[in-house]
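Lettered A, B, C, D, E and F in written order, each chain numbered from 1.
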Amino acid sequence: MISEWIVSAFLLFGGLFIFIGSLGLIKLPDFYMRLHGPTKATTLGMASILIAAMVFFANSEHGLSVKEILITVFLLITAPISGYMLIKSALHHKLNATEETKGLDKIEKD
Amino acid sequence: MIEHLAVLPILLPMLAAVILLLPPCGKSLFMRRIASAIMAVITLVVSIVLLVQVTNNGISVYAIGNWSAPFGIVLVADLLSVLLVSLTSLLGVAVVIYSIAGDDKKGNFFHPLVHFLILGVNGAFLTGDLFNVFVFFEVLLIASYSLLMHAGDKHSTRAALQYVILNLVGSSVFLIGLGILYGVLGTLNIADMAQKVPQLQGDDIYIAKAGGLLLLVVFALKAALLPLHLWLANTYSNAKPVVAALFAIMTKVGVYAMLRVYTVVFGDEAGELAHMAQPWLWGLAIATIIVGAIGVLAAQDLRKLTSNLVIVSVGTLVALISLQNEEATAALLYYLVHSTVVTAALFLLSDLISLQRGKVADRLTAGRGVKQPFLLGTCFIIATLSVIGMPPLSGFIGKIWILKSTLNSGQAMFFWPVYLLTSLALLVAMSRAGASLFWERRHKNSNELNDAPNAHPLHIIAIISLLACSPLLVIFAQPISDYMQNAAHQLHDISGGIKAVIKGGL
Amino acid sequence: MTLLWIPLLSLIGSVISSCTAKLSRNATATLTLIAPLIALAITAYHAPAVLAGETLRYTVTWVPAIGLDLSFRLDGLSLLFMFMILGIGTLVILYARFYVSAQDSIAKLYSYLMLFMTAMLGIVMSNNVIQLWLFWELTSISSFLLISFWWHKSEARRGAKMALTVTGAGGLALLAGLMIIANIVGSYDLDTILASKELIQSDALYEVALVLVLLGAFTKSAQFPFHFWLPHAMAAPTPVSAYLHSATMVKAGIFLLARFYPALAGTDIWFILVGLTGLATLLFGAYVALFKHDLKGLLAYSTISHLGLITLLLGLDTDLAAVAAIFHIINHATFKASLFMATGIIDHETGTRDMRKLNGMWRYLPYTATLAMVAAAAMAGVPLLNGFLSKEMFFTETLSSEVLGSMSWLIPVLATIAGALSVAYSARFIHDVFFNGDPIDLPRTPHEAPRFMRVPIEVLVVLCILVGIFPHFVVNGILSAASMAVLGKDLPEYHLSIWHGFNLPLLMSAIAVVGGVFIYMNRKYLFKFQASLPPLNAKKLFERVVYRLVQWSQVNISNIENGSLQRYIVVLLVVVLLCAGWPLFEMQKLAGSAPLAPIDIHNAIGAGLLIIGAIATVIWHRSRMVSLLMLSIVGLMVSVAFTRFSAPDLALTQLTVEVATVILLMLALYFLPQHTPKESSSLRVLRDLSIASTVGVVVASICYALLTRPLESISEFFIANAKTGGGGTNVVNVILVDFRGFDTLGEITVLGIAALGIYKVLSNIPIFSPTKDGEGREWAKDKHPVLLASISQSLLPLALLVSAYIFLRGHNLPGGGFIAGLVTSIAFILQYMAHGTTWINERFDVNYRKIIASGIGIALFTGMGSWLFDRPFLTTWFDYFAIPLIGKTELASAIVFDLGVYLTVVGATLMILASLGNMSGTTVSKEVKI
Amino acid sequence: MELLYASCVGVLVTCGIFLLLKARTFPVVLGLTMLSYAVNLFLFSAGRLTINKAVVLGTSSDYADPLPQALVLTAIVIGFAMTAFVVILAIRGRADLGNDHVDGHIPELSANKKEQS
Amino acid sequence: MRLQGQFKWLPTPIFSLFLFVVWLLLNNSASIGHILLGTILALSIPLITFSFRDRQPTIIKPSLALKQLFIVLYDIVVANIEVALLILGANKKLRPAFIKVPIDLTHDLPITILASCVSLTPGTVSADVYPIKENLLEGEQIGQRYLLIHVLDLDDEEALITLIKQRYEMPLKEIFQC
Amino acid sequence: MLDTVLLIVFSLIGLSIMLNFWRLMKGPSVPDRILALDTMYINVIALIILYSISMGTGLYFEAALLIAMLGFISTVAVCKYLLRGDIIE
């Protein structure tokens, strides 16, 4: 019963974060800012949901299952790199940042 | 080994391809040639042994993986399939021998691809499972795509693009048809389908009909039946002739599939679906013959002409399929063997002629003469006489048999005039072609020195081994026609066929 | 048996002469003569029996399936023709020895001539209609070879083609006719057919069959209006003309009429068709012959005219007419062959055949002239020569004919006119060539021909005279035997004698002679009249018809096969629509009886994304990159659908394939234009849209129809046997590696071939590497971003571990060799992307070709391994072992098979991508191993 | 749900074919890919739709039809091989022919404009 | 700094351990069979892929690494909540900026780890590593490296740079001893 | 209770995917679309995990794992394409 509470909590937390990440993708004004949502919020949300799954399956007839950790690990390793590749291509495409952005001069020509 | 004979015509080419890709054949052209030729000959010998075995002992059913039909995939070696397998293997030998004279140097993987193609064709002939037919179709198609690019010029690229894309759409249609049939019949084995089709009830019948018709579309596309023939002339004439010669068997795969599925699954015993497309097929076949003949007349080079001859032969074959009787099927088989061998030989011949005529190649215009007029001329005459159905070569027996089997069908009044006028058109076209290729000179009285090389002995061996079939088909016409009649009888004996394939069936 | 030897001998002769190319001309001729002489002897040996009324037969079955037997018969008609064929053949061979110049290959000519002789013998001896047709066609072929003997001359080529076409067409008609007749009678046996007159003539198809047979006969015998090929066939060497185009081949048509006379003749339609055709040909040929300046042209038209005469006789409704026809066949053969040979000598000696140049030959060639004049007189029907006798009989029969009813009087009148014309052209032949002043501009000065060149003419001319004077003694035997064979009954009474007293036929002959001389003397008015008529050149007309036909074909074909792939696809789709759509309309109700599942939110979202993704792909298709991104959503949603509907293996496969495809498309995008310009007209868009959506609706309908019906399938078996028979709990995988392992073997073969093919396609490709992207931006300089490079190095082992995991569990849980292989490949692709080809090639010395081959090989050998246990190919083996420490473990051959799959997939995928990568790599240090 | 599924297949077929009828190789390849998705879904549906009955023995009491799944798997793999080939062929076509047209002749409109690369 | 493992047959001991654990996790089992199989794979895979590795420093202080791992995980959770709030807040309040952080690390792997940490933690995303190899002149050595970072809401540039260098770069230098 | 929570989370993730989709459609730039797609991949993983929980089956774990791996690789491939054109050079 407690586990169901834990699962529910993690699920809700994860769902919320994933949603916020995706919301950021819509709401923020320029590409560079939009990138923050998915690389962070979504990753955390995923981790949370995977923990929920782990707990859930640990209590089901399948017995302890920790392999969901792997997906989390994988996402943690890859998310920064995807973000890096994305921002690199955005810089290459000279996407406009909002006017408020400081330090645009620090970008070197690639 | 003898009990595994039925699977060998599929496994041997596969083995050949594997051997050819691995050391020591992978790197040494010489080794590759030797291995390829040996394996092609072994495949032929095994095919013939299988043919003899089936002739003596009746249908041989081979359950792959020891899972019997309808659950596993079974190979059905009956008189019909082993005949076509032997024909394919023969063609394979000729093509391999011909290519060793130099064509195999011009691109990568020629020999393995040839064996892969043979593997696909033999598989399509032997398998008794409809999805497995699909798989082998894809094997032979992908091999043919690659071989088509063996010419390595612009035209072949353009032709290949069209051929490949069209066939990919065809494969999609095949899968949809298969899905429909599985969705109503719940099985994939051809014999099992034949058992289940008569039991269909209500609207299921029409769903099955849609599936069956879609398969027919695919087979018609492979066979190049009007109006799905449009790809053929361009494809075949832009392939290297040695490849085109091998392709001569490919339309026959479509014809075979049509014959098999149409006769067994939707044949006499299919209840409401019996002979569901007969009138359409009949009309389209006749139209195909006409269009093919027009193409033959229009052709401006020998390869194009030969390609259109293939279309004519497809029309003829499908017309016979649509008659759905034993005699027509027997005639079909005879004609199929004859036309395949002869068109293949003509493709090879067009290559030799091109080689010796210099710039004009095989175009049907005045130009330089060939270096070896007697040799090539004789071969050309033999091929021509066969192809237009003039005695004393195999074409005339095919022609008479076809006329005879259509005579009492009630359709003769449409078919005969078309067929005979087509023969005439072919005669006009071929005599025109021969005159242009061998006789007409661009410059009058020019005795320009022909510096072209003489034909390679292997070229000649390959062509002659194919052309020799034509007189042999006449000389041994009696046993051969008996075989064809038996094969036709076996095919039309649907319940017998089902009994052989499925234990406890019917 | 000896019957068989007759054609066989001449065939052997043909082969022998073709082998004598290196011998002297005399030796060649001598060797060639052996066969026909022996054949003649055999024929003569059989002659007494035949003359006594016997019919000899010899039959061997050959191809019963098509009614073809090797069946020979020898009756009077055959005998007559055989004597002509062999006799004149022998003379022609002798003559040709001197006629053919040293540059030409006489061996070839002889070989063709003997082949032709075989064919003719075959025709006249056939006792099976298919066999008859077979030899009939052989005459067309051998005559084609003979006419085109001087193939370097355009005249010869064109004449040969035309002759082949016309007689070939006739041959086809004949075949059809014969097969119809045989079908009516129920036998291909000539004896049976000839005995079934009533049966044939009462059949509904009698007229059709008759017309077809007559077409065959008329084309071969150059009957009007199919006569036009014959004059052009004169491009052949003169011995050929003498043999084929006067004595034998053209008579094959006549022979056919005579042969089938007992079965087909006797009806009104026979008389009208045959009689009128003969009459028209008789008149037309005689008239045209008069105006020919070419000697051979004159003889050609005269031949046409005489063939018409014989045909007319066969078309007259009296028995005696048939006898007259046979008689004239003999006579015409003798005088016409000798005339051709004489012409050959003139041509040979003077270098021309133009009668406007040839004058006064009497002085140069007195001996030849004498022979020719006798023969020409026979042709004109001068008494004491054979032509007179048959012409007299002809006139007699025209008088008794009632073919035209009340207008039957026209026949004798027209026959007389034709007779007069025939006298006129014969007169011209004699007067214009041998007299009429001096020759003009002859290429050569003529001398008498060699002795042996004249012998054949002498023989024939002597025959003309002998028959003319002692007809009964010389020809009656064979004439009556032949006539009996034609009529199929006892002969009417007739007398072969020179003098029948003063009667109407004699008067007609007299009128003809006088009229003929008169016409010849006033020829210049006729020539003027003829010249005012529009010229009608059959050859040009024929060639124009063929040319038009070819052009028409070319225009049509290029309109149909215009090279547009989209048109081909549209055609295919329309056919698909018809085939799949039509049965839908026959259905009562689309939905079946199975209970439906409700739509839940997940499915709705997934379906929505799928649909919008698909539509977005279409909408953005001109911006290819975006379109590709949209497509990957569709792919993702398809794999989600597979997870949703209980197919984890499919989901995994779809995912991996989808990523590999996207990567591939991305690679392609680099080498292809980035954008698709707008070029479709609105109409085309409309067309495309309607076709696409109709097909979509049809497929969806069928899909719905299937989904709403219950299914009974063979699958229960797989579920029941997967564990016990296949040793795995993942039924899909067990199907793949066991129940239907053969499919999988084929599938990896496809993949392997594709990789090899791709390598092949990319080799020697003209490199095309754009330096800017679609919007004109230069590419980034950073080739291998640092972070990506280092992280991918760590990901590779991880990915390999995952693929090992997926591979090993496949038999029991979702996974398997294919998915594992793709995961491995994609991990390697990541290395390629992160480090580039050069870097990889430096570190990774693996030959993809070998990997593919080993993969397929492993799968193949695993399958063959079962042979060792006497089981069929691909029979799997598995067992459970209790291994210390580890416990109960399953070992299965399926895993080895799956390893083959794995290797093939890895090899193929990497080969594909590496070849693509190598293609653009300009700094590749070493060539990628294939 | 069956109707929704069938509609998805229909839409995929429609979009795939529409792309297939474009005159350039890239849309054609996209069309083929989409068509093969549709075909795979169709073939899959021949075994009917079942939820949560994956054919892994011991995970359920009754199972989905495994055979169409195996068939689709084979079809996917073959489809991948074919797509790969046609993609490469398209590249070769561009290299050999200088453009990516597959509609017989290059329409005038773009013949004048310089090919975008 | 050590660029290569101590044993030729075990080039990356820590990584092998990682693979071994991953194997057990994947199979969700610690049976002897899987331990055996996992060991084999954990040993063989690095050997197979060894040639695909550029020489990178190896972890010399595993315990520190573990500690650092937890720090980063903690930071991730905290930072993400921060970012979530920022996203939910008004766009106008945000002060985006690019900053350039000079880094002392010299090898690609530590730099990658640093960049990843930066990306996963407070409102920052690593954008690039300067200088780019292709921008260097022929034969020129890579001198000072910089990390280009995009910040979602920049308050104090210097403080952020210091934070990154101290909280993430310093421990990395120690772990890898470089 | 879990069912209710699952429904809520399902809806949240569904909503997220639609938001991703909206960004994917709207762009405006290609990197934006790629970012949207990448996020969508991750959200689909969440969807599959949720699905596994609601169905109580572990059979789809590998699908999730593969999406995680392959989604990353395809994002990298697309970015590499934008940067260099030739993704394997």
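To be clear about the criterion, contacts are C-beta pairs under 8 Å (C-beta built on N, C-alpha and C of every residue); 3 or more make two chains touch, one makes a residue touch a chain.
What you see is a predicted model, and the numbers here were worked out from it, not measured in a lab.
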| request: In contact with chain C and with chain D at once: which chains are those? Just list them. | output: B, F
| message | Please report the smallest number of touch steps linking chain B to chain C. | response | 1
| query | Measuring centre to centre, with centres taken as mean CA positions, what chain is farthest from chain F? | reply | C
| request: Farthest from chain A by Cα centre, which chain is it? Let me know. | output: C
| For chain E and chain F, what's the span in angstrom between their mean Cα positions? | 24
| query | Using CA atom averages as chain centres, what separation in Å is found between chain C and chain F? | reply | 61
| query | Counting in whole Å, what is the centre-to-centre distance of chain D and chain F, each centre being its mean C-alpha position? | reply | 21
| note | Residue ranges of chain D touching at least 2 other chains are 20, 25, 28, 38, 40, 42, 45-47, 52, 54, 56, 67, 71, 74, 78-79, 81-82, 85, 89-90, 92, 96, 102
| field | Contacts with two or more other chains, residues of chain B listed in rising order | value | 131, 135, 138, 142, 145-146, 149, 158, 161-162, 165, 169, 176, 179-180, 182-183, 188
| message | If I count partner chains per residue in chain E, which residues reach a count of at least 2? | response | 22, 26-27, 115-116, 126, 128, 132, 135
| Which chains are in touch, pair by pair? | A-C, A-E, A-F, B-C, B-D, C-D, C-E, C-F, D-F
| remark: As the complex stands, chain A meets chain E at residues 17, 20-21, 23-24, 27-30, 32-33, 35-37, 39-41, 43-44, 63-67, 69-70, 76-77, 79-81, 83-84, 87-88, 91, 97-98, 100-104, 106-110
| field | Residues of chain D touching chain B in the complex | value | 20, 25, 28, 32, 35-36, 38-40, 42-43, 45-47, 67-68, 71, 74-75, 78-79, 81-82, 85-86, 89-90, 92-93, 96-97, 102
| note | Residue set of chain A touching chain F in the complex reads 4-5, 7-8, 11-12, 14-16, 18-19, 21-23, 25-26, 31, 34-35, 37-38, 42-43, 45-46, 49-50, 52-53, 56-57, 60, 62, 65, 67-68, 70-71, 74-75, 78, 81-82, 85-86, 88-90, 92-93, 95, 110
| said: Quick check: in the complex, which residue numbers of chain C touch chain D? | reply: 562-567, 569-570, 573, 594, 596-600, 603-604, 607, 610-611, 614-615, 617-618, 621, 624, 627-628, 631, 634-635, 638, 641-642, 644-650, 653-654, 657, 660-661, 664-665, 667-669, 671-677, 679-680, 688-689, 691-693, 695-697, 699-701, 703-704, 706-708, 711, 713-715, 718-719, 722-723, 729-732, 735-736, 739-740, 743-744, 747-748, 750-751, 753-755, 757-758, 761-762, 765-768, 770, 772, 774, 812-814, 818, 908, 912, 916
| remark: Residue positions on chain C within touch of chain F in the complex are 601-602, 605, 609, 612, 616, 625-626, 629-630, 632-633, 636, 639-640, 643-644, 648, 651-652, 655-656, 658-659, 662-663, 666-667, 669-670, 769-770, 773, 779-780, 782-783, 785, 788, 795, 799, 802, 806, 813-815, 819, 823, 826-827, 829-830, 832-834, 836-837, 913-914, 916-917, 920-921
